[in-house]
Amino acid sequence: MIFARVASEVIDPAEVLARVGSDRDGATLLFLGVVRDHADDRPVSGMRYDAYEEMAGEVLSKIAAEAAERLGTDRVAVVHRFGELAIGEVSVAIAVSSPHREEAYEASRYVIEQLKERLPVWKKEHYVDGVSEWVEGNVPPGTASGAEPVAVGVAVGTGGDA
Amino acid sequence: MIFARVASEVIDPAEVLARVGSDRDGATLLFLGVVRDHADDRPVSGMRYDAYEEMAGEVLSKIAAEAAERLGTDRVAVVHRFGELAIGEVSVAIAVSSPHREEAYEASRYVIEQLKERLPVWKKEHYVDGVSEWVEGNVPPGTASGAEPVAVGVAVGTGGDA
Amino acid sequence: MSVPVHTLFFAAYRDRLGLSELTVELAQGATVADLVAELRGRGSPFDILPEQPAVAVNRTYAMLDEPLGAGDEVAFIPPVAGG
Amino acid sequence: MSVPVHTLFFAAYRDRLGLSELTVELAQGATVADLVAELRGRGSPFDILPEQPAVAVNRTYAMLDEPLGAGDEVAFIPPVAGG
């Protein structure tokens, strides 16, 4: 059964993994996006994810359904978190399973690439030096292209604009 | 730390997953190969994996090291099981993690493709109709090419040659 | 007769405007472009909004010529960065 | 003086030969090809081995011209099917 959720609770990878897999499946793939301690070469202390929660849930469901079509099965589960996350915490978990591995890799990749393209979620990196900055993002397809990523960059915190 | 193992014990995906991931990593990928209930359209009741155990451990370590080079990190863990497996049991688990997802997908795929090509492991499918058959395989690179996959196909069990 | 539209601001827009939502009265037949012009016309801080922003109308991405009706929810969507 | 070589048979080969290992005495300077010829020369059931089998010598894949020495481990490798 296709499962898609945008929520503020801690993501349990085992729980997401347990939502996929059936006797018909020979391949299961779990992708975890994790908050890492650096961005390019800049030390990061944590990350805040904001979400347009209601819409993000709908978009994520659509992406999961599209992935299921590519996968050829309904075994797709994806959970995206929002709120304040520490280094090492899971921001997104994507589990898929299918009879053959080829489709599993493709569908998993499809979900992560599409959600980066379309999911109304934003992340602000907190740097070790005290500055926080919204991460440059993507203009979603089907919208005006005048929202230049660079135009919305903004820095707050002790370091001021960076 | 790179981890590679060929063993007869049940594979615990969470344990394999826990071997990878570090504060530097933004992406973790877990692949599970699972015994499925059919091969093409033929119902399967289980699978037996045989291994040239000592050599398989060495080959798997080599594959993991090659994947780590592609990955750019040493966070690679792979476990392949042998013995009698029931439907739904995990035959192979591959976990990798890296700062960026691109390399994680590539390295994960590299491990599964290479082990199918080179790992001295064989599987015999047990069909629901009582017949068992060695699954057609690949002639490993660096060996004589005269060992035609079809020449070693053999069926045993109540159904006789199939 | 004016048409009330519910606007939402997220992430960098929210930070820079200092507000997360606003109800705007538009003329009948107004489009997203008219809403943008109305807001940007208020000057600072609304002039930080792009002339051609990405928006979602009632939770679906939309272009600037999308017509708006009473009670529509229009979200201003900075470039997205999930994952 | 003859050279003892330890041979291993796996999977389909093991099933069809009905044995998993065998020590074979070869002439000095023998190669994998000579070992194959010696075994196939025994007739049934050894003639089920391919004329050009995949082998591993001391746990490394090898070609037919690989020279063999006393105590070498030669495994006959049916097409592999892990995963």
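Letters A, B, C and D name the chains as they come in the text, with residue numbers starting at 1 for each one.
Note that in this section contacts are C-beta pairs under 8 Å (C-beta built on N, C-alpha and C of every residue); 3 or more make two chains touch, one makes a residue touch a chain.
Predicted, not measured: the structure shown is a model, and the values here were computed from it.
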Message: Which chain has its C-alpha centroid farthest away from the centroid of chain A?
response: D
- prompt: Distance-wise, how many Å sit between the C-alpha centres of chain A and chain C, to the nearest whole number?
  reply: 25
Message: For chain B versus chain C, what separation do you get between their C-alpha means, in angstrom?
response: 52
- prompt: When the centre of a chain is set as the mean of its C-alpha atoms, what distance in Å lies between chain A and chain B?
  reply: 28
Statement: Going by residue number, chain C touches two or more other chains at none
Field: Junction residues of chain A, two or more chains touched
entry: 33, 112
Field: Chains grouped in pairs wherever the two touch, ordered by label
entry: A-B, A-C, B-D
Query: Which chain C residues qualify as touching chain A in the complex?
result: 8, 10-16, 50-56, 59, 61-64, 75, 77-83
- request: Provide the residue numbers of chain B that touch chain A in the complex, in ascending order.
  value: 13-14, 17, 21, 23-38, 87-88, 97, 99, 101, 104-105, 108-109, 112
Message: If we count contacts the way the header does, which residues on chain A are in touch with chain C in the complex?
response: 33, 49-50, 52, 54-56, 58, 80, 91-92, 112, 115-124, 134-149, 151-154, 156
